[in-house]
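First, the structure itself, so that you have it in front of you.
The letters A, B, C and D name the chains in turn, as written, and every chain counts its residues from 1.
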Amino acid sequence: MSARPGSATPIYLDYAATSPVREEVVAEMLGCLGKDGAFANPSSTHALGRAAARIVAQAKVRIAARIGADPDGLVFTSGATEANNLALVGVLGASRARRHLVTTLIEHKSVLDCARALEAKGTEVTYVRCGPDGIVDPDALERAIRPDTALVSVMHVNNETGMIQPIAEIASRCRAREIPLHVDAAQAVGKIPVDLRALGVDLCSLTAHKVGGPKGVGALWIRPGISIEPMLHGGEQQRGLRPGTLPTHQIAGMGKAFELADPEVEGPHLADLRRRLRDALAEIDDVHVNGDFDRGAPHILNVAFPGVDGEALRFALRGLAVSAGSACMADSPEASHVLSTMGLSDAAALASIRFSFGPTTTADEIDTAARLIAEAVPRLRRLALGAPAWCRELRSGRATGPGGLR
Amino acid sequence: MEYSFDVERRFDSPAGAGNIEAPREGAVAHGEAEDRSLNVWIRFEVQADGGTIREARFRAFGCPHTIAAASWAAEALRGAPVDALRSFDVDAARRALNVPKEKLGKLLRIEDALRACAERLTEAALEPLEG
Amino acid sequence: MSARPGSATPIYLDYAATSPVREEVVAEMLGCLGKDGAFANPSSTHALGRAAARIVAQAKVRIAARIGADPDGLVFTSGATEANNLALVGVLGASRARRHLVTTLIEHKSVLDCARALEAKGTEVTYVRCGPDGIVDPDALERAIRPDTALVSVMHVNNETGMIQPIAEIASRCRAREIPLHVDAAQAVGKIPVDLRALGVDLCSLTAHKVGGPKGVGALWIRPGISIEPMLHGGEQQRGLRPGTLPTHQIAGMGKAFELADPEVEGPHLADLRRRLRDALAEIDDVHVNGDFDRGAPHILNVAFPGVDGEALRFALRGLAVSAGSACMADSPEASHVLSTMGLSDAAALASIRFSFGPTTTADEIDTAARLIAEAVPRLRRLALGAPAWCRELRSGRATGPGGLR
Amino acid sequence: MEYSFDVERRFDSPAGAGNIEAPREGAVAHGEAEDRSLNVWIRFEVQADGGTIREARFRAFGCPHTIAAASWAAEALRGAPVDALRSFDVDAARRALNVPKEKLGKLLRIEDALRACAERLTEAALEPLEG
């Protein structure tokens, strides 16, 4: 049984951290690497450079089609982390009079840490909480908007819980007040339909590696007319907004991955797997889905197993490749800021696991995972028999403000 | 986080886990320790026979290293003089099991739990002399 | 003859803009893409994540070996553009009292534009000129250093002329005054020996795609103890200095490319090609090497063809993939700031071509290129018979200050 | 930069390039124009026969579009009334050759050179009437 602890290849249930690159995407990338391929610099004016530039243009069309947007608005970056930073720093930097940013407590670290850095340089930031279900209330968000608000930044799908945020409602409120809205759609693309035109979003962060594309490439889509400053300087690539030699193979791979990552095609399979795992885990006592199951994206199921230590649980489940919270804080012993904001106790937050699925995940893998969990959790709980209440309680009364984030 | 082979083995089948069936009232002493900020709780039970530890068992809510070290301690204490409960050096367990240094904070709770056992044992340890 | 104007595949002589990815590098990258490869997030603590982390660690060792440095000092970026920005913004940002930067007029745009952006935010910048040979005088550089200088930034090999800058001499002067020295080695690696330990460099920008590695990945090497702030925020990857999911395949590819790009092995072939082209072009009247031929890196030959229009020359040579100056300003009609600083007239700077070679360039390709040039230049000069002197003069008397850069 | 097929063809073999062998003193007028900031210089020579342009030739230091447009102009002017030198519309050449709009600045120097020819032609053009 290849999924047993200690065996060589664990079952990969960490697609929200990153995904294997699809075969068709690899093929696309290979076409841009060797001497016979479109390896030249897309900014070069010679014939080989123009061939590379055409590939970049084609990728833009594919990416834009997946998000219902105009290809010209795309600025390629090294990923969503950079796109998020560019959106926040760039819009606040270009804004003279308005020095206030609204975001939420459940954003990815690349938004939260960037917001902190902006605070240190004089931007005022309001961090809106989410409910116990992990979802931000559009009314609460609207109340945070001030006359001097320069930007609102809210993620589309939360990377830890998978909860889908009410972007359409938030966007209409931002539009009514003429405040640009930035959406981090890193976890939404390919999982749920994303239509920036219909939603009325002004800036949108994207990344390739969550949808079977390569790591190290992403984009910020910017609606024409939005004022934004570059973060990196040098060269005229991408209208000076983001210089550096364009990585054709990465962009081509992102384009292909976005073309293939169709939520209409892949969503139902993911949703089946998610439901299957939820149903199997419901057989174990005292197991809780973090968030509102019915409002989650199809590829993420975050589950709390109160009464066990999180690290022990993950080690017991080393036959599964899963994350506690997000990969970018994988080595830290702190409880997830998202789960804490939702009101989970530290112990329960630490004892939560994010399971996430991809197009090649099978029902068999889910069943094996459920069996391993059904063995590990009761065993660890027996070992902790007699432990005090704090080891077992799911929720804390405590509220977490932005000060509690790090 | 790195786990040595010994930690892995003891985590998968933790020798010395569980409770002691008390042969008679008072023959078993227990002691607990916890550190909520480190997400760790440990309980030991020891049964003494005169000045000697006949049996030691633990329960733990904690990381694999904590569980492995508690298991190591339970085995090491069996047959040792009761003084060992106070002088137990968890860093020896840490080295024996190849546990990273940064885990020492959690592991020290094992010493606390053993000392708590020793506190209670002073009374209970009288029993065999009587019996 | 595939090199004729209008034919499908031009002869690629633009390796300084970017290079095809080596076969061995492609193989290395492929090992990190698919589901059977090391595709996981190197920051994930599960077994698959740790497998990816080991690949990253191995790549660091390979990269560090090529530059004579400690692997722990490497921070991966999206390329040398970002590395240059991080070095300048990061060191100036971390420096409280010292607000002065010394750099040169021949740096890559990513240094010059970043220096401009810093100026706009209060940093004082001194731009040191080069001589007519394209080489910066260490004494002139030393004179620019002030008590409040926070950083000196000088490139190792100029990307337009290939001129090797006297880094060892500059480094010893910086060390004597305890000023950190940043070196952009994007064009030096693989072409000339780079030994940061021996040179005494404190920060060094690297990129993969100039040495047969993939585009979109590079690194900044930072000596331990140098104070530097991050530009991007979010997540704890790379000690917080540069967050974002590490692109394992890109890093693995960079590692392999740096391992293979050995100047001792590849330098002599490049030098042969360069000399061969220079000798062939010497047969044409009034042709001039820009810079000091004997002090150039082996992969770049920059040549002025006074008396012809640059755009017409490049179009006549469309059977060759070559650049006027650097690719990042390929579409701009402005004369190269580097050649202008060296004292070339605008017309001669515009009529200069950078030929650059790689390990797979052949002597045959050089010969064909030389023949095409020997046809095109006299033809265009005949067409311009009777043109005024400014069309034909090589040098301008004019001096260019920093104000003349854009 | 994009080059149409016509630009390419005229650049590779520019019809109308060169000088006119003057049949006799004064029969050929020339005109030049330049814009150093645009890196362009153009010289035209025209030979008139009464009110008609018998021949037009050019030389140019300039981009492929400029060379192509000058070649187009030289051919278009052959057989045209001398007034055409003043009324020549280089934008027609631009459109015919599919030259990008941003090149118009350079191309306008062709009109200047032709007008300079026209200036000088006023005297020379008298000749055929006498001969």
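We take it that contacts are C-beta pairs under 8 Å (C-beta built on N, C-alpha and C of every residue); 3 or more make two chains touch, one makes a residue touch a chain.
On a predicted model such as this, the values are computed, not experimentally measured, just so you know.
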Measuring centre to centre with C-alpha atoms, which chain is farthest from chain B? D
Chain-centre distance (mean CA atoms) for chain A and chain B, in whole Å, is 43
Indicate the whole-number Å distance between the mean C-alpha point of chain A and the mean C-alpha point of chain C. 34
Would you kindly tell me how far, in whole Å, the mean C-alpha position of chain D lies from that of chain A? 62
Just how far, in Å, is the C-alpha centre of chain D from the one of chain B? 101
For chain C, write out the residues touching at least two other chains, lowest number first. 45, 331
For chain B, what residues touch not just one other chain but two or more? 1
If you connect every pair of chains that touch, what shape comes out? Choose line, ring, star, complete or other. line
Identify every two-chain combination in which the chains touch. A-B, A-C, C-D
Chain A residues touching chain C in their complex are 9-10, 12, 14, 17-21, 23, 26, 29-30, 33-35, 37, 39-41, 43-49, 77-82, 84-85, 108-114, 116-117, 207, 209, 214-217, 231-237, 243-250, 314, 318, 320-323, 327-332, 360
Considering the complex alone, what residue numbers of chain D touch chain C? 1, 3, 8, 11-12, 14, 17, 34, 36, 39-41, 43, 59-64, 66-67
Of all residues in chain C, which touch chain D in the complex? 5-6, 307-312, 315-316, 331, 333, 346-347, 350, 383-388, 390-391
